[in-house]
Amino acid sequence: MSERESVRVAGEPGSIDVSGLPSTTFGHRTITWWGTIGFMAAEGMTLIICAVAYLYVQRNFQVWPPRETPLPSLTAATIQVLLMAVSVPVMMWTSRAARRFDLGGVRVGMLTSTGFALAFCVVRWFELHALHTRWDSNAYGSTAWAVVFAHATLLIAQFFESAALSALLLVGPVEPKHFSDVDDSCLYWYFMTGAWLVLYLLVFISPRV
Amino acid sequence: MRDWLQSALRPAGPEAASVHALWEFMLWTSVVVFVLVLGALAWGTLRRRPAGADPLAEGGPGERRMTGAVSTAVGATVVVLFVFLVFDFSTGRALTARREAAVRIEVTGHQWWWEVTYYDSIPNRRVTTANEIHIPVGRPVLIRLNSQDVIHSFWAPDLNGKRDLIPGKESSLWIQADSPGVYHGQCAEFCGYQHAKMAFLVVADRPADFARWYASQADTARTPTDSLTARGQEVFLSSPCVMCHAIQGTPAGATMGPDLTHLASRRYIAAGSLPNTRGNLAGWILDAQGIKPGAHMPPNSLTPADLQALLAYLGTLK
Amino acid sequence: MTAPITADPEAVPPEARPAVRELHDQLERVWSDGPGLRGWLMSTDHKSLGKRYVITAFVFFLLGGLEAAVIRAQLARPENGLIGPDLYNQLFTMHGTTMMFLFAVPVMTAMSLYLVPLMIGSRDLAFPRLNAYGYYVYLLGGLFLYTSFFLNVGPDAGWFAYTPLSGPAYGVGKRVDVWAQTITFTEIAGIIAAIELIVTIFKQRAPGMSLNRMPLFVWSALVMAFMILFAMPWVAVDSQFLAMDRLIGTHFFNQAEGGDALLWQHLFWFFGHPEVYIIFIPALGFVSTIIATFTRREIFGYPAMVLSLVATGFLGFGLWVHHMFATNIPQMGESFFTAASAMIAIPTGVQFFCWIATIWGGRPRFATPFLFILGFFAVFIIGGLSGVMIASVPFDLQVHDTFFIVAHLHYVLLGGGVFPLFAAFYYWFPKFTGRRLSERLGRWNFTLFFIGVNLTFFPMHLLGLHGMPRRVYTYLAGTGWGSLNLLATIGAVTIFVSVVIFLVNVARTLANGELAGDDPWGSSSTLEWATSSPPPSYNFAHLPVVEGRYPLWSRPQEPPVVTGLRTDQRELLITTVLDARPDHRHRTPDPTIWPLLAALTTGITFVALVFTPWAIVIGGALAIGPLVAWGWGKPQPGDPVVTEGVE
Amino acid sequence: MSEALLPGQLARAWSADPAIAGPLALAAALYARGTVVLWARAGTAHGLRRRDVLAFAAGWTVLALALLSPLHELSETLFSAHMVQHELLMAVAAPLIVLGRPLVAFLWSMPASWRRRAARAAGSGRPAAAWRALARPSVAWLAYALATWGWHAPRLYDAALASAPIHALQHATFLATALFFWWALLHGARHRYGAAVLYLFATAVHTTALGAILALSARPLYPAYASTAAWGLSPLEDQQLAGLIMWVPACLAYLVAALALMLAWMREGDRRLPRAVAAPASLAALLLVVLLAGCDREPAERSRRELVDGNAERGREIMPAYGCNACHSIPGVRGTDARVGPPLAGIGSRSFIAGVLPNQPDNMIRWIRDPQAVDSLTARPNLGVSARDARDIAGYLYTLR
């Protein structure tokens, strides 16, 4: 409220002076938040399309997964889900630290997130093995790999983003806008983990139902 | 009026006729809509305007009249679309009504020719031919469609619309011809190099003619009766021809290319692209690539004498 | 002191001129591209890049047109031997791919990227560096496709690349791989443009420009951007599936291993149908803008127009199956799909009737842009009516994949895309360059184009009905198709001449055309005409404050403006989504070379992906450098820096 | 699993299952009583507009037809009929009922003391906070999507068909998530019309995907629907029809709702502008007259018109004279730290006045002038505010958002 009140009326009727407006804000007021949402929409569509392919080719199989292909193992994928569940509160805490301009807090938060993202990537390796099929075995293998691998690109991208942001926050110079970047990174994190929950249900659980 | 080889506007069977009726309705409706809309546009553009009126002024009775006019036009659009849907729906039902098939034919698409097999409950009465489909006049015929390689589309516009041949997914289509004649058709889905030269014929015969044709096709090939044709058969069987083609009644039984058992009875060779004459056949055997680049038929080098004998032999395969 | 929107010293009283000149110099120092080739390569200005984008897309239009000319020459008479099936198949694939992926969508996004910030009263797009990256990725994609074509590795499986013809078993060589990767390039560029436009339109409108006051072109750019965002990933993923089937042996489309050839078609057309509206909807925006200017009347039924745009965008996603009527879709579905397809005629009809009402109530002026709009009406209605016809399944099964469809789609795309686009070129050319195109040549351009389009494509309706399939490199003399084809070829020559006249017009105008002035049409309503022609690097000396839907028509003597944005660094004003209240000031980054370098590494990756899957790893490693450098940036003097603790 | 229903038995297949008819009748009775009480208190068509009542009546009728008509029996035999039933519940009845603002009516159907207690419980403390956290469009969207997809898993669907309690649970889940979804879009997400349009689009996309999967499947997925022959359909055709119903007509319902919200969004922008130019929305209103009936959730146009002559500045100045600030803290009015009555910050965007009246200008003026007429037990005194003063005060209060 207070910033908005600082929009003053200038000389001419209707003219406004914006020099009192802030230059760093958070959340949906910023354009980077909207840009992040845009990329999330495009990447979310990508994941949906992989899921659609997975569901579509089922029509060509009598049993799913196909004969002589075991069900995917649950251990690695479930560990991944739990790991992600643990990471979300950390990122919520980081987001709050960013909004307080707490440099120490966001440093800790982003370093932790780098560690989490790296762990996700490592567990993802085991998840791919846990599918018990190969991308070139049959259409089941191709589509299941497509779903899991498409989501892996999100994890890898997030790892590099977290690592780069951590380095920037440690080395500097740190500008106020970087706190907003950290906040947006947290938003992306929620999307990434939420998307995996749905895909986990699809690839690892739905063949069992 | 031009003499078209094949045309959707010259229906020769009930299926094509019902689509043609739908087309005429849509055409005249569209003409009326087009004239009305462009007429309104022309009137709105060219009409005299009162001098000095301020075009930026909004509201007023003119605005209300326009609202009425635009709403009426939108309402009319909805009504026209509804009538269109009703007509379309009844046409669609007519086309898919279940019937008793007089003949069942399996058509398999290949790059770039059509394999045609007549279904019969007695296996050795099944007939295989290529690129030329005979049907009895006035009887519904069920065509079952499949493909060996890529997607093709079966289309004889005088008889019915088209249907895709998708590998591994069988589909079907009804055709019926009301009068005897030869109807041309063509592949309508881009299928590679020689998509342009993948035509076929549908020959509608009187029932007696059809029965006679069918009986002759069910026979094996004639055995050579003179030395020239005997030599021709020998050439055929000792050349690469046997790698791809079959002639029933001889050891040649490959199924890569069209079955040649009754080659001489067909009107065209090379999937509708060449009339079946001795000269065309010779050129086709020697250098198919010159006529239909990319076709799977390789060039063959034969001595002149062998070629004559082969042509003579193939000419006997009625 | 008076605060002008333009920085034209002539426009203010003499005593204020030195101050205005000083403001102009200051803003120019901060916002201009920088000198020389370096400045040119580093540019992130939406106008510089927008112009490059438009010109590049237009070059591809010419190339695609030349391909079409060769196709028409080959088909001019039966059994013509000008080119063989191999080159022919490459040519029509290149023509389709070029026109759809390298011309139609990019030119529409390019026009939007140039015009939207000016129309909504902002200084630049939301993410200028990303915009530069998007343009270079698009350029590299086009160069890649054409290099391959000239090396005789041009794609030959059609712009739709149906499997299995395009799959590993039948699409031999690297041709289809080239196509698949080109698609990925252009999709990335398209999605980036979409995000730019959505964020810019939502967050950077001038104070007072609530959603309800947005120019209709901005609305159409917004709807287009949303459609791109939701449609383009489909074809990008689809083409990647295809590339993987070909490169690493996956089985997405391999029926033998449980894949499905129809999956390709579903995914492709889920994109392919909205694609048509992605081209068509911004063109509707051009039409509304130009009609308002040349009738001097506000567009009748603004809310209905906006809702129609949104409804069209919505419905565009529900119709993809009507491209697949011949593939044995469930018989049950036919009437549903027909009804859904026909329904799109309703929002289109609403817009047409509103435009006619607008013209009826206004005072038309027959300048070249308006002529092209009238041409749009005549040509597009034919395409729209034949579109309703082919929504009918029984009729579509007769004309599907014939020249009837070729006629229909060209009537729709030329009528609904290219006619409005030519109108837009003529209309905004003075804004782009400061000079006006010749009206005399413009009339010739229009007349020949109108005649040429109808001469070329109208006979094709008949050809299709008389049984001529698409994508055939030749036909027999006995088919009876010769004379209509000859007529179509003559029409193509006419179009060619018309486009040459356009090029001459552009060349002559650039050399010594009539100077335009800020607002050459005298009755424009949107904000881009409030600044000089061509606009200065910073667009507006002071951002305008908007008080109505047609801000230039209701402008007081001294229009209200925004003051207080910094002039010593690049700053944008961010406003709220709904009612455009000023919210905060955003420091936007300076020009840089990194987007270009990042685009190059992306390009290397995609090209290498044709040969090896390891390209992802190599390309990823290469890209890290430019991407980090792009984001890192060092603060300029005057930027706040945070040390330990609170700000 | 019951016997297959034959075409000849259709007309007699009405159901009067008390477990369904009872709650339906109760809902209708409560709504009717609430409307009567409210209108008696606040004046006819106040608090609940006529279009609200119409929307509820229409939604209730559709719901009753879907659950009690032969469609219900048929849905045990035909998958497509079952799909029609579900879409009627989720895409037709649910939005109409939500438009009817049933909570307002139900609240008014209670005795006065319950009403106050319910309003207090809903308006404060933990439950309210939890509800606010949960009642987001994103959560509602997800719940709706999960219910739609989850129940179509063949095993769950077959379980529902085999057992009446599971079937009831299925319908309850569908109706509840649908009501939640539409409530979050139409009432919950105040000032988030744009997001609501996108959520509707996303819903249309995912239901299209599910419908397409059903319509294009190569084999029947639900073995329970095996005896469809009497209706001229093979089980596969029946399934195709069901998929198509979910695909095309149901998505049109989302489209209509999205367009209505879009229009409301645009109008909202104007309403919030200080110097708004009236939009000639007549044509759109004409085209959309059907879908707009009841969609105009805040009477935005009317409230603005009525408040134009409410002089907000004067309202602010006269409030101390009436002593408003003796009990309420009012932003912009000096010396108001009182905690007797609720603070008035943000009153312009609250849903209810005095916990009972929908926050609409005429209600606000009524409450300012004669509180006891609204709620006989209220402690707020009648201050004898003149009509003009009440309008001006309301004008000022509506600036407090």
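Labels A, B, C and D are assigned to the chains in the order they are written; within every chain, residues are numbered from 1.
Basically, a residue touches a chain if its C-beta (ideal position, glycine included) is under 8 Å from a C-beta of that chain, and two chains touch if they have at least 3 such contacts.
Keep in mind that this is a model prediction, so the values were computed, not measured.
Least step count on the touch graph, chain A to chain D: 1. Centrality by C-alpha centroid: the chain sitting nearest the overall protein C-alpha mean is C. Between chain A and chain C, the centres computed from C-alpha atoms are 30 Å apart. Averaged C-alpha coordinates give centres for chain B and chain D that are 56 Å from one another.
Centroids built from CA atoms put chain C at 38 Å from chain B.
Rounded to a whole number, the gap between the C-alpha centres of chain C and chain D is 40 angstrom.
Listed for chain A are residues 52, 56, 59-60, each touching two or more other chains.
Within chain B, contacts with two or more other chains are made by residues 58, 63, 67, 70, 74.
Across the assembly, chain C contributes 230, 255, 266, 300-301, 304, 331, 339, 350, 354, 547, 577 as residues in contact with two or more other chains.
Every residue of chain C that touches chain B in the complex is listed here, in rising order: 84-86, 89, 157-158, 162, 164-165, 169-170, 255-256, 261-262, 295-298, 300-301, 304, 326-328, 331, 334-335, 338-339, 342-343, 345-346, 349-350, 352-354, 356-357, 359-364, 374, 377-378, 381-382, 385-386, 388-389, 391-402, 465-467, 469-476, 478-480, 483, 553.
Against chain C, in their complex, chain D makes its touches with residues 191, 194, 197, 201, 204-205, 208, 212, 215-216, 237, 240-241, 244, 247-249, 251, 255, 258-259, 262-263, 265-270, 272-273, 275, 277, 279-281, 283-284, 287-288.
Contact residues of chain A toward chain D in the complex are 48, 52, 55-56, 59-60, 206, 209. Looking at the complex, you find that chain C touches chain D at residues 208, 210-213, 230, 266, 300-304, 306-307, 310-311, 314-315, 317-318, 329-333, 336-337, 339-340, 350, 354, 547-549, 577-579. Partner chain C is touched in their complex by these residues of chain B: 2-9, 16, 18-19, 22-23, 26, 30, 33-34, 37-38, 40-41, 43-45, 47, 49, 55-56, 58, 62-63, 66-67, 69-70, 73-74, 77-78, 81, 84-85, 88-89, 91-92, 95-96, 111, 149-151, 153, 155, 157, 160-164, 166-169, 171, 184, 186-197, 273, 293-294.
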